[in-house]
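The first chain written gets the first letter, and so on, giving A, B, C, D, E, F, G, H, I, J, K and L; residue counts start at 1 in each chain.
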Amino acid sequence: MPQTPNFLVINGPNLNRLGRRDPKLYGSTTLADVEKALRGRAGELGAAVTFFQSNHEGAIVDFIQENAGAASGVIINAGALTQVGYSILDALLDSGLPVVEVHISNIHAREEFRRHSVIAPFARGQIAGLGWRGYLFALEYLASETGQAGKASRTR
Amino acid sequence: MPQTPNFLVINGPNLNRLGRRDPKLYGSTTLADVEKALRGRAGELGAAVTFFQSNHEGAIVDFIQENAGAASGVIINAGALTQVGYSILDALLDSGLPVVEVHISNIHAREEFRRHSVIAPFARGQIAGLGWRGYLFALEYLASETGQAGKASRTR
Amino acid sequence: MPQTPNFLVINGPNLNRLGRRDPKLYGSTTLADVEKALRGRAGELGAAVTFFQSNHEGAIVDFIQENAGAASGVIINAGALTQVGYSILDALLDSGLPVVEVHISNIHAREEFRRHSVIAPFARGQIAGLGWRGYLFALEYLASETGQAGKASRTR
Amino acid sequence: MPQTPNFLVINGPNLNRLGRRDPKLYGSTTLADVEKALRGRAGELGAAVTFFQSNHEGAIVDFIQENAGAASGVIINAGALTQVGYSILDALLDSGLPVVEVHISNIHAREEFRRHSVIAPFARGQIAGLGWRGYLFALEYLASETGQAGKASRTR
Amino acid sequence: MPQTPNFLVINGPNLNRLGRRDPKLYGSTTLADVEKALRGRAGELGAAVTFFQSNHEGAIVDFIQENAGAASGVIINAGALTQVGYSILDALLDSGLPVVEVHISNIHAREEFRRHSVIAPFARGQIAGLGWRGYLFALEYLASETGQAGKASRTR
Amino acid sequence: MPQTPNFLVINGPNLNRLGRRDPKLYGSTTLADVEKALRGRAGELGAAVTFFQSNHEGAIVDFIQENAGAASGVIINAGALTQVGYSILDALLDSGLPVVEVHISNIHAREEFRRHSVIAPFARGQIAGLGWRGYLFALEYLASETGQAGKASRTR
Amino acid sequence: MPQTPNFLVINGPNLNRLGRRDPKLYGSTTLADVEKALRGRAGELGAAVTFFQSNHEGAIVDFIQENAGAASGVIINAGALTQVGYSILDALLDSGLPVVEVHISNIHAREEFRRHSVIAPFARGQIAGLGWRGYLFALEYLASETGQAGKASRTR
Amino acid sequence: MPQTPNFLVINGPNLNRLGRRDPKLYGSTTLADVEKALRGRAGELGAAVTFFQSNHEGAIVDFIQENAGAASGVIINAGALTQVGYSILDALLDSGLPVVEVHISNIHAREEFRRHSVIAPFARGQIAGLGWRGYLFALEYLASETGQAGKASRTR
Amino acid sequence: MPQTPNFLVINGPNLNRLGRRDPKLYGSTTLADVEKALRGRAGELGAAVTFFQSNHEGAIVDFIQENAGAASGVIINAGALTQVGYSILDALLDSGLPVVEVHISNIHAREEFRRHSVIAPFARGQIAGLGWRGYLFALEYLASETGQAGKASRTR
Amino acid sequence: MPQTPNFLVINGPNLNRLGRRDPKLYGSTTLADVEKALRGRAGELGAAVTFFQSNHEGAIVDFIQENAGAASGVIINAGALTQVGYSILDALLDSGLPVVEVHISNIHAREEFRRHSVIAPFARGQIAGLGWRGYLFALEYLASETGQAGKASRTR
Amino acid sequence: MPQTPNFLVINGPNLNRLGRRDPKLYGSTTLADVEKALRGRAGELGAAVTFFQSNHEGAIVDFIQENAGAASGVIINAGALTQVGYSILDALLDSGLPVVEVHISNIHAREEFRRHSVIAPFARGQIAGLGWRGYLFALEYLASETGQAGKASRTR
Amino acid sequence: MPQTPNFLVINGPNLNRLGRRDPKLYGSTTLADVEKALRGRAGELGAAVTFFQSNHEGAIVDFIQENAGAASGVIINAGALTQVGYSILDALLDSGLPVVEVHISNIHAREEFRRHSVIAPFARGQIAGLGWRGYLFALEYLASETGQAGKASRTR
């Protein structure tokens, strides 16, 4: 693990549209705003973040494989791949990194098909429905866990 | 809404045992520790918290009915009533308050029967698996939402 | 069976909030109004009613056990315990009394989880969606059944 | 809405056999008895009823289409079409009239296939298991609703 | 029960097409051929048969209601109403007559939706896949049962 | 096959109300308007159409049996019989004609029970949600198929 | 196929107890009575029957393998192996013989687990609920089929 | 573990009615009789028992939390909370004590909803259908296990 | 019933391996040890036991048929036939004897497929998870029931 | 909305093989043929079409995001992504454009897994089984809708 | 483990018919051919094989119990017992030997009921659809595993 | 078919990590090792192999489309796309090539979601749990099938 912990922040399909996408559901904050806020907070916490967004599942798998070695944790909002992204799940499991899943809207209050995540059972936890602050809380959590005990083992 | 926002923090059955209950799963932080941390942070945010724990579902319903009028939001960890606490759900719906559900352990990674919450579809969101910090993040969220836009309407 | 038939009218969790609870769904009639109307009509029918409301399942079981001996029938709106109140069901079965289940709103037109009653299969019948008048109709039914044939045996 | 409110009372397949059909389950009251009782009570309430029974689903649909315009509400016991009568449901929805579903026996206590009604989710409510009085209670309900607020909008 | 036992032989929708309908599945025997064969065999057995075919479920219900009083048993092939003919089922139950269900083709070897009969659980038995002879076997069965024990009670 | 191809256009229960029925869902075009438009377009295509609407399933089965011999294809909107019209399905299968199923509204976007068609798996195809034009497209399709290859065999 | 057609009549576990086993459900006819009646009728039809009963699934498989070569058809009542006798099914399929499944009681009216047969989908047909005469009807069917068309191919 | 092993004997809702409750199902032995018999046998075994009955789930959770520290095992008949008592389950798991579940009647032979226990998968075992002796056998088991190996670890 | 009551103790497939089979799950007691303990206790109770173990379902059916006449009850651990032993179930039902089902390990805490017993709904009761003592408790129960009331009728 | 309406025509995985892919199921028309036919018809209607095919889900999401701003509607055949393409669905929803789903073969008549579309519930409608003409009908529909009412709002 | 590793090759019901059984599905190779090929290859690998086939589940359990002690692994094609052979599964688990499951035909492409194996989750692996060579591949695998690492522990 | 048969060996997401990925589950052999072993064995068999690995589903579809024409068969380990790779399935079906599915670990012994393959029902067969040798066995199978009968038709 590096001296300065680095957290991968991964956003899946259509999250590049954040802020322009149904504001009632997702708010008006853009992904650039989220990135800026996270970088600021990471700096205060003595950590770094590596941002990545893609509409391609394969590209997300590539990214995880290439960046996991130098990372201390993963914050992921897989978008609509949350339901079917088994390949992303395998890449995350393979990385051995602690993962926190974030959803901007409350997936438990939306269409039935959005409620089931293939990633959550293998993550440290899930934050859903708290808007863009969900990413911030995930960062706080990972930073404090990393600070306390180094690179933590997976919950199960 | 009161001048100083007050948030109800409700814990259900067996959470009075926190800290002494299976530490691998729930950590060693006690409920008193959580209360202290939340009171401290609430003070910094210009807010107050009202704590309540009970092993009795009826007592939790009573508490919500009696305290909802003077409250700005609810943080609830219903424990094992998460799966069957329809009466608590009705009391929360009746209160019209924004609700954030918190689980210390990652319920999505435990026994199948723990994954389904009857409350989550009607809450603002859910935080699961991030330990005692989940309560803190819920407080941060409700405080910022209340500060920005007064008593917010439910997401759906 | 007593000379003057007495009917137990039991209301479960959150029904003490009737009249102040989502008026679009439940109307503006309070539980006190319902009690008054039922007492009036019972008097005309030469019968009596014993009212009880509690947010505690155990208290409802206690009430049934203590009052069944001197009662001729039960009108019950178990609120959200309708779905999970197996203990109430057992107390009702144990009492041997004819039971009519009442719901103010049309549970068949609401969330899926509200449609299934654990009590209805063992009751004389169910009235749903006819507002506070449902209690009145249940009283009329039980009074006429009791007047005609004494303490009737359960339908099945 | 007409000056004198008129309620359609519709009975589906096999209900013409009422009184001669399994008396333990359905009682000895005939459909003519029910009609007479309802006409008497309707007169007292300043209302009228139009009776109809058929073993043919198509004929029931025809009847609703032809009589809905001059009616204020519908009382329907669709018999065994309760489970599969989607065409009747569409005719009722198309009419825009408030509907109360009646069942003489407690369908919740009989064979599993009888418990699910395709009509109930779109009706004002359902009365089951209270014998022929169920029709009377439905009439009382519709009359009082019509008297209070004119032709009421559907619950959902 | 009449001196000469009379059996109702009821055929549902599309069975008037027998012999012209997919011969590989249903054979080339027409319904008239079946009727002739049954009448011949009934004569030898000292019994009579009343034939009826309709594409209208309501008409079959009417027929059962009108003819059950003078009948000793029912042989029924409800065609595609086998799956949804709850109204026919109710009419058969109401008649109190012993019923044998016949299917020309082996419904257990066809599309899944054809395998479930709503009538069979309440019939004496079911014959499927033995072609037009299935009617003959049903007649033999009912005649022998009637001869032995008069109008037999239903199996369950 | 006749010289001038003739297509049966069958509408099931409640479609006689088209234009007066929930306009937001079904539009303001009446069934007479649809018939006129189809007759006009059929004339241009050198074809004829035979219209039929009934609220009675048995009558639709009768119609198919009586008209299939002189027809080249079927356009059917079975209304609410789409879900349970096994008898209509059998009549269509028996006719051996190519069938196109039409729905004015998008049944895939409505209540769950409307999504499953018992006819579609045995039809050439299904058009749903394109309003009254769906009938027109079905006619275009059948006319071009008939013109190309005579009376086409069923897809499966 | 042999000159004199021979039919295997196979009875599974506990059918050796026929006549002494729950007479209300199975009657008082013994398996020896059934055998005698079938031998008599087979003689009249110019056919022979080979009887076999075993409580051992493997023994029934052995019997089918050893006797199929000289047989023209199979009548089987597999008893409680009807639900799980996949090995018997495979042996029957392997034999290529036409099979008729017989059940003395109406399996469609008994416990749910008895309704599903693994054999029926691959048999010519099934007779259930007609008592010991079911075997006789199966014999009549197979004899007539064999007389007409030699060793018939399976229905599907 | 104390010198004299002490076993908690917990009875849930409606079991205070034992002896007066449907004697065909539950027998005429009262809970006081059971307590007396267990105390007698415990004395012979050099052990003690602490009895508790409540109709309130919360009270049972309180009792377990307060008494687990000085106990060597739990015998529990949760009554109708067997199906939904997740809070009791959590209290039992938290206690770390060996648990034996007892049911007086054979829950596997009653209504479907009574067959599933949320406690049994986490207990040492379950005794059902052996009447009041089930408690006695549970005591014998726990006493012998405790005597042999001290406070035994849970089976899984 | 014989003067000295005799109980059949039946063990199914692989239980002859008891003691050598996964000791963590099944303990180190052998089937011979169990037999010896039961014989000893039976002698004290004035009863006898007939032991039988087989890996062949058919052999168990044979054993029940041959020994039921002189027996007063059955203790059975059907091993892996618990899930599919319908033939054993039929033989047990046919015997009319009271049955107690025993499982050494807690089947409710093992793989899902082991939890469902086809025998339990028709037995007096089930003991699971209490090790070899389960057999002993079953013997105590049957002996006391037989001593009290002779050959008891089945619970349902 | 642009002066000349432009429609996106999107084809998913393997549709580049159209014409060479199983001709019995998909016909011999190539995707280039479809494009040519659509361009021709669009010209006549005063509209334009933008064609796109990809085997990559991510590329389809990119295309929708980049082209939705200048488009009036979408015609999509997502191929095998119809069942799992939640990311495409989100991109379509985000675009706010009216969507018509097209399938060349009748997906309702093929393997079960092909029948469920994740897109259809959110589209204007679906055309299935009408071959390449399905695209043409979709274009006709969108052109007429756009011409009548500008950029139409989604049906639900 | 013996010096020369010995592998049990077990074939279940109807596999003695291999070669004469539906050749399109199973090929024309007989079980004797398979045995010969395996013996030859085993010799080359310095191993031995013990062949066994039976139509009796109990006989297979006996065989495993008697031969497991001197064996290094098991190759099993349980035929139709694959779906219900829990007793065989228990015997295999009890043996502690590595197991490879073989199916001649591709069970994943046949009837639904053949796809689920009760053995596979507890085996090293499964080979299906590769004809008689599947046995050969299983032998190669077990021989190489045994040669490398002695008697390997089970995968899970 | 080419003179020298060429087999496509396709590996899906995360299989490029083979050897470095959870060695307990997948072993320490790398994908390059597998390629080398397969090339060596293919040379001995007079065949060639074309290797391909990608984390992108679309890229795998592209590869199959571009290489199928000159190939004789496909060996595929689709990784986590096994569960959702309908697009890959369609490309394989379109190719008409014989396919063998390989999984290194025993998917039948892992998480439930890994057991179902969308490809297997349409493949020649599946090898699971035999480690990297699974690829070798698949190659042996395809080579021998190709050598015997040229380019074989699909099994179903």
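The rule is simple: a contact is a pair of C-beta atoms (placed from the backbone, for glycine too) under 8 Å apart; a residue touches a chain by one contact, two chains touch by 3 or more.
Here the structure is a predicted model, which is why all the values come from computation and not from measurement.
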{"item": "Same vs different contact residues, chain D with chain F, by half of numbers used", "value": "different"}
{"item": "Copy-to-copy rotation for chain A and chain D - C-alpha atoms, rounded to a multiple of 5°", "value": "120"}
{"item": "Reference interface F-J: repeating pair among C-D, G-I or D-F with over half of contacts shared", "value": "C-D"}
{"item": "Mean-CA-position distance for chain H and chain E (Å)", "value": "55"}
{"item": "Inter-chain centre distance, chain D versus chain G - centres from mean C-alpha coordinates, in Å", "value": "50"}
{"item": "Centre-of-Cα separation between chain L and chain G, whole angstrom", "value": "46"}
{"item": "Numbers and ranges of chain L residues touching at least 2 other chains", "value": "56-59, 84"}
{"item": "Listing of all chain pairs that touch each other, if any do", "value": "A-B, A-J, A-L, B-C, B-H, C-D, C-H, D-E, D-F, E-F, E-G, F-J, G-I, G-K, H-I, I-K, J-L, K-L"}
{"item": "Complex interface listing, chain F residues touching chain D", "value": "12-14, 16-17, 21-22, 54-59, 79-81, 83-84, 113"}
{"item": "Complex contacts: residues of chain K adjacent to chain I", "value": "56-59, 61-62, 65, 84, 86-87, 89-91, 93-94, 118"}
{"item": "Complex contacts: residues of chain A adjacent to chain B", "value": "100, 105-106, 108-109, 117, 120-131, 133-134, 137, 140-141, 144, 155-156"}
